[in-house]
């Protein structure tokens, strides 16, 4: 099953509702299982850099099959993936919190990335968006 | 007046309706008056390259203050802007049709870019999206 | 249906047989429907640049949904896509012959790119590889 | 003696057998003594980032003449090569485990890189592939 625009927008809406609840404007991006953009929204008054980081986090979570905060732990000095984010061959990688892969029964179907808040806020919003994928009404 | 997410989504919706009328799936991106992304949607089954080109067209139309097909004329061999798209200092410039600046009374408020169809289709969809800005119900 | 390694290698083998018949060493790359590499072989004595060009052609044919020689026509000065290959936002695009999208019943499943010979040779080898996808014994 | 396609494929096969034994899908890349790609396979269901990292590891092991995990030690904060991976002039360098140079009697003949598993898995698979070079039946 491929990620589609309708599903991506449902995920973004779920994330935006969480962001409004937390009172923090963010950018949210959703990519498909090939790491390609499906949709991206930047909420009013969010940091400009969030447009780049949200997409990078969504991409990273798909190509590494893990949440970006988990990758972040592995990339600390002394860690097994230290240096991955500065390897030009792996450009576009983001190693801090706010990106999640999205799983369906058949495996990874895409990823979501959030940027603009604190790590905890980005995580909470990204998780809400990720969970928005599983809305049974649409499946 | 700054472009906001609500207005950008109304423009994208207007563009998507035109795209569906023409029967061509496209990507549509809207940027603000600083050239920064506000929202981007990739319709199902649109070309993957459209994710990059639609954003590049929207950006280009703002930073050059002209439709991208007009810029395209100036950048032909022998033209006054020949080479602008290969200037690293101007990276992200797209020189073919499908991008429009969006004007309000006070000047440029943003830009819209469309990619995925023929030049004529991209132009028609981008124009529909641009005109979606002026929906009085929302102002 | 996703491109897999077994199918990609069958396509590469079909391409290599054609290359040997033509007496020209080439590189052959196969990507999946998201533009991501599945397999790549550089035949002995092929030009070093062929490692980059074959992958770029395979990628380009997927993201533009057309053979690269067709894209090449559109990107000449005065053409509708003039400048696409120098647009940093669309980096990795190759606009000359030797790349083909691979279609199955459900749409594009991947792409193949060949580099190292003349345009005619690259086209013939890429076509042989593309046709290798449809080997009924494996389906 | 130069690395050739036949030898590279034998090395990749040896690596893939080890990967199947370990139950982890990976990408494996082999480069020649000039650091140029000879062959690369991405096993089904391996992480997408592995396509970039495996090639980067193979390349790095040749241009530094050492296993990448050894380079990784030298590039920690305070180490003698701290920063090498962020030096634009040395782009493509990977500083964590999974890449090995391949030696013959006359010196380095190429390199192999593996990505997709844990550090220990990537090391074991890369070592198996490297040892596949020395298959006497082919020499």
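Chains here go by letter, A, B, C and D, matching the order in which they are written, and residues are numbered from 1 within each.
Quick note on the criterion: a contact is a pair of C-beta atoms (placed from the backbone, for glycine too) under 8 Å apart; a residue touches a chain by one contact, two chains touch by 3 or more.
All values derive from a computational prediction rather than experimental measurement.
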{"item": "Chain pair, B-C or A-C, that carries the greater number of C-beta contacts", "value": "B-C"}
{"item": "Recurring contact interface, reference C-D, options A-B, B-C or A-D [over half identical by residue number]", "value": "A-B"}
{"item": "Centroid spacing, where centroids are CA-atom means, of subunit B and subunit C in whole angstrom", "value": "30"}
{"item": "Subunit A-subunit B separation of Cα centroids, rounded to whole Å", "value": "25"}
{"item": "Whole-Å gap between the CA centroids of subunit A and subunit C", "value": "31"}
{"item": "Sites on subunit B at which at least two other chains make contact", "value": "48"}
{"item": "Subunit A to subunit B touching residues, read off their complex", "value": "4-5, 9, 27, 34, 36-44, 48, 51"}
{"item": "Sites on subunit D touched by subunit A in the complex", "value": "45, 47-49, 52-53, 55-56, 72, 75-77, 85-86, 88, 91-97, 118-119"}
{"item": "Parts of subunit A lying in touch with subunit C, wherever the complex brings them together", "value": "32-36"}
{"item": "Of all residues in subunit A, those that touch subunit D in their complex", "value": "34-35, 62-65, 77-78, 80-84, 86-90, 93, 107"}
